[in-house]
Amino acid sequence: MTLAEILASLFPEGHSVTVAEGLVNGEGPFRGGRLAVIGIDGDTALGVDGACRLAGYVLDVVRRGGATPILVAIDSDSQRMSRRDELLGLNEYLAHLAKTLLLADAHGHPTVGLIYGHSAAGAFIATALATRVLVGLPGANPSVMDLPSVARVTKLPLDRLEAMAKDTPVFAPGLDNMVRTGAVQAVLDPGQPLAEQIAAVIDALPADDTRDRAGRERGGRPVAEAIAAQVVREAALG
Amino acid sequence: MSERIIDPAAKGWATSWYEASARARVDGLLDAGSFREVIGPEQRRMSPHLPLFDLPRAFDDGMIVGSGRLDGKPVLVAAQEGRFMGGAFGEVHGAKLVGLLRAALALKPDAVLILFDTGGVRLQEANAGETAIAEVMRAIVQLRAAGVPVIGLIGGRAGAYGGGGLIAGTCSRLVVSEGGRISVSGPEVIETNKGAEEFDSRDRALVWRTMGGKHRRLTGGADAYADDTVAAFRQAALDLIGRAPAFDLATLEAEQARLEQRLTRFGDCRDGTEIWARLGVNDPEAVPALTTAAFDTLLASLGETTHDAR
Amino acid sequence: MEKLSFRHTTQRALAGAKAQAITGVVASGNLEVLLERALAPTECTVEIETPIRGYGEVWAAVVADFVARAQPGGLRITINDGGARPDTVSLRLLQGARLMEV
Amino acid sequence: MSGWGRERAARDARIEAGRAHAAGKVVTAADVVALLEAILQPGDRVCLEGDNQKQADCLARGLSQCDPACVHDLHMVQSGIVLPEHLDIFEQGIAKRLDYSYSGPQGARIARMLYGGQIELGAVHTYLELFARYFVDLTPNVALIAGVSADRDGNLYTGPNTEDTPTVVEATAFKNGVVVAQVNEIVDRVPRVDIPGDRIDFVVEADKPFYVEPLFTRDPAAMTETQILMAMMAIKGIYAEYGIRRLNHGIGFGTAAIELLLPTYAERLGLKGQIATHWALNPHPTLIPAIESGWVKQVHCFGSEVGMDRYIRERSDIFFTGADGSLRSNRAFCQTAGLYACDLFIGSTLQIDLAGHSSTVTQNRVAGFGGAPNMGSDPHGRRHPSDTWMKAGREAQVTGDPALMRGRKLVVQIVETFGEGLVPAFVEQLDALELARKIGLELAPVMVYADDVTHIVTEEGIANLLLCRTADEREQAIRGVAGYTEIGRGRDRAMVERLRQRGIVRRPEDLGIEPLDADRSLLAARSIKDLVHWSGGLYEPPAKFRNW
């Protein structure tokens, strides 16, 4: 689905969401209140300027109060790779953006990520992965690195990697693998109105971070949950 | 596993943080003999995925977690081993840190210390690593909101890159040494993707002017600058525990203002030295060569580099 | 990965009472050695996982020399190898034995 | 015209032809090709200055752009084949025959070209041999050299990297040759006159400063415990034992570790002033802590090292410097010093065979010799004694009248039993033999011959070959320090034990060294930054060695 189709499906009555330089911001009527939307469109790389603006939009929502849910819609490139971005401290900007989303969540704003296109690496972590729940649409393609690049770095032949990718969700790119890892909770149905589906997601928000449990249940992260639980059990102040 | 792996007195040298292993760092950072490891190497909780790639595993998957005391204060500690797989986040590696942070929420230690040494996500377990980083960031924020300071210590060979840089940006406070680097994209990654004109990764001085410890400390990306010794990191961590900012709307609004101001003031700068000059450093070219004492004096003269907006 | 396993009988138990120790790091040209006091006093086992195939004879020689020299009776030794040279392996084994003697 | 001045007349004609492209002696970088085409003739012997370090790169580019119809069949006589252009000219037909010494960075390509017959090879020399032949039968017709600056009269300042230049100019200018110098800048007055202007015929203002590779910088951060252990053994088992004061070091990490252990480990052994005081050595950054601690009395240099200029300038008690304060190096003199005035050479190698022959040649690379075979050999022409030299002489097998015994220079190979990628350093047969066969070399490229080697140091121990009395003892002494290589595992254990009783093979414990003490905390500097601190900020390391 394109962003326009998504917005039309979310807000049949219209909305104020705009896209400027790949950055998405605005809101629309939702269940008698509002649904704020921020995001990245058009496979845009996320740099210091964009991250700062998106964080500002999130803080605006928090400042206005209420319990306006925030949808983080993502079709992005990875973080912007440049000397300037790193010189200015891109890690702080991306972390700040993630923190604003986590703060909004803590202030009672349900946060939902929606990946409908590409996303990768720092841009993915700072946006969609910093929400309480992340869902996807068919055709979305989150990836840390594409397989040819993985082949280059690991010095493994591409065809072998492709074969491994079929039954090793832990490293292979793609929406299905992120679902199996537990990072993406569910894939929505583009044929049904998104407003109801997002509302259902919000109504079922898990209280805790359940991504590692989902990862075990779905086989994408077989041991993470058990390891974390063991640390919680055994750690003690000395 | 609490023997003094390195005995500084016997060597006549302060132990270098940069050179020390993760275990030696933990050992020297905490009060002698106080470290208690959780899921120690004898449990052999190794990566289930690396054998698929015919790669060797480590007993602790490059992440050491546990509890101990820092000048008597109870703390939880996590340390990455930067020499194993570049300290990268894999499934077990990440889950150990997630578990430690969740444990802290219940145990309420005086602080959680994260000894970063990471290139980011472990490619062979990329999805697990990336998701774990997201889980870590959420857990840190919850801890901070509950009033537990999370202190990051950065001075290892691998720095804090990729998702590690994002986690660092989520901490309450950061200590960095000159050798420490904090960044999202590494120099080689930028060069590979954008060409050597954008970033010549072999120009090491440029790397450090762009993402090195002094630059991060000068621009407010880190809160304390430590000598490259375990003792200096210990002292800096102690100093910062009592000065952790709250995690609330006011802090993030202040951070928003701080980061916006940085873009306005330095957004057109091409090099670290230009930024330092605008900060009021008289001789920016001399900054990389400054000793810790001289650098501390310089910092003291530039008030704005120290803040609570994080 | 190639897995190797050696079992030796020693003349005596290794001194000290330390239950376990670990030394080294799995990195290129390096290795980690985990030592556990877990066997009968004159038994010693060494298990190795290495990404470099075909050096079984060299490992056997390095381990035999170490056992003869350190008399690590009672130790279960497990090695994760990152492609270390034999001299590095010897050094780490001796470092490990020394840590256990504390 | 008389029959005894034809060379002089020919030289004058070449210069006359070249003047058309010059203003006085000065030529712009844009006119280099025209100049070279004017002064060069087919079949000329040409020295295109390629030293171990500095390169006349602007002139090399110019020569490679000459028209092969006009300039061809040159006979290149130069010590270093370093730049791609040095070989391009053979592919283009500009050059045909080659006599050289060192080809480190082009070692693989030169091997292919020799194999393919694109180069007619005279011989691979040591530096001193090639320099010597400049004055006998390989005198250049034209020398293309490099300096830092010149005035309009041609007075040349070579800068700290003087290296081969005086030797090349001496041979060319005084035997009717033409000398062209590229300089970084033309100045009104040079800081010091390294070569008087009447020996320089043309001065080219280069488009960019000549290239120098930091060949002698070893980062202490990369030094391993194994290298430190070997350095400890060398210091205690050789330097202290023989009281070595006058010496030369190779460029490997093992010898750099020795340099960094002088102010720490050797100091604790009470050896200060007893060893390592007088050096023939490039200005190794790793020697800075020893210099600053008062260990070093004097250093003469083959060339300089990138980043060391300011430090050297401020340490003129130690280094040879000119009236202007900067380093004066000279490869020919320093090689001679290493050959005749040093009691010890210690360096690394890639392969050692069962007799003790060693070589840095691998199957597909012809790296050449440089100066190591001169440093690493016992000069039979030496006639002055020293305690070190005499002690070594007494240890060696004496035949005939003991009153006629002469001393021995110590030639030490310091190698790790396994190199990169688990490649063994000890072999049944040197790859050099196979290479010589493949490309038809009459002489196999052996770096140090067995009869010159006195000691081999590995992490397993020291083999003293001087004390061996039979070929079998020698072989077992070598096997006895060859670690877990096939050669080492093939030892006769009982015989090695007997050699150990006689002190021919010595283990760390025989020397009172605990291998577990070989720790990086022993290094006087553990990073390049530490070296900068030791130098008081005077050492300015190149960007690729910085991590701050």
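As written, the chain order gives the labels A, B, C and D, with residue 1 at the start of each chain.
In the analysis below, contacts are C-beta pairs under 8 Å (C-beta built on N, C-alpha and C of every residue); 3 or more make two chains touch, one makes a residue touch a chain.
Here the structure is a predicted model, which means the values were calculated and not measured.
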| Remotest chain, subunit A as reference, centres from CA atoms | D
| task | Could you tell me which chain's Cα centre is nearest to the average position of every protein Cα atom shown? | result | B
| remark: More Cb-Cb contact pairs, comparing C-D against A-B, go to A-B
| request: Quick one: report the Å distance separating subunit C from subunit D, using the average Cα coordinate of each chain. | output: 42
| message | Report the inter-centroid distance (CA atoms only) between subunit A and subunit B in whole Å. | response | 24
| When the C-alpha atoms of subunit B and subunit C are each averaged to a single point, how far apart are the two points in Å? | 33
| said: What's the distance between the Cα centroids of subunit B and subunit D, rounded to whole Å? | reply: 43
| message | Touching at least two other chains at once: which residues of subunit C meet that condition? | response | 83
| Where does subunit B touch two or more other chains at once, residue-wise? | none
| In subunit A, which residues are in touch with two or more of the other chains? | none
| task | Let me know each pair of chains that touch one another. | result | A-B, B-C, B-D, C-D
| Of subunit D, residues touching subunit C in the complex | 224-226, 416-418, 422, 459-460, 483-484, 489, 515-516, 518
| field | Partner subunit A, residues of subunit B touching it in the complex | value | 34, 36, 38-39, 45, 48-49, 52-53, 65-69, 74, 76, 91-92, 94-96, 98-100, 102-104, 106-107, 109, 120-121, 123-135, 137-139, 141-142, 145, 160, 162-163, 165-170, 182-185, 189-190, 193-194, 198-199, 210-211, 215-216, 219, 221, 247-249, 252-253, 255-256, 259-260, 262-263, 266-267, 269-272, 275
| request: Within their complex, state which residues of subunit D touch subunit B. | output: 221, 519-521, 526-527, 529, 532, 537, 543-548
| message | Looking at the complex, which residues from subunit C come into contact with subunit B? | response | 1, 18, 20-22, 25-27, 30, 32, 34, 36, 49-51, 78, 80-83, 99, 102
| query | What part of subunit C is in contact with subunit D in the complex they form? | reply | 52, 55, 57-58, 61-62, 83, 85-88, 91, 94-95, 98
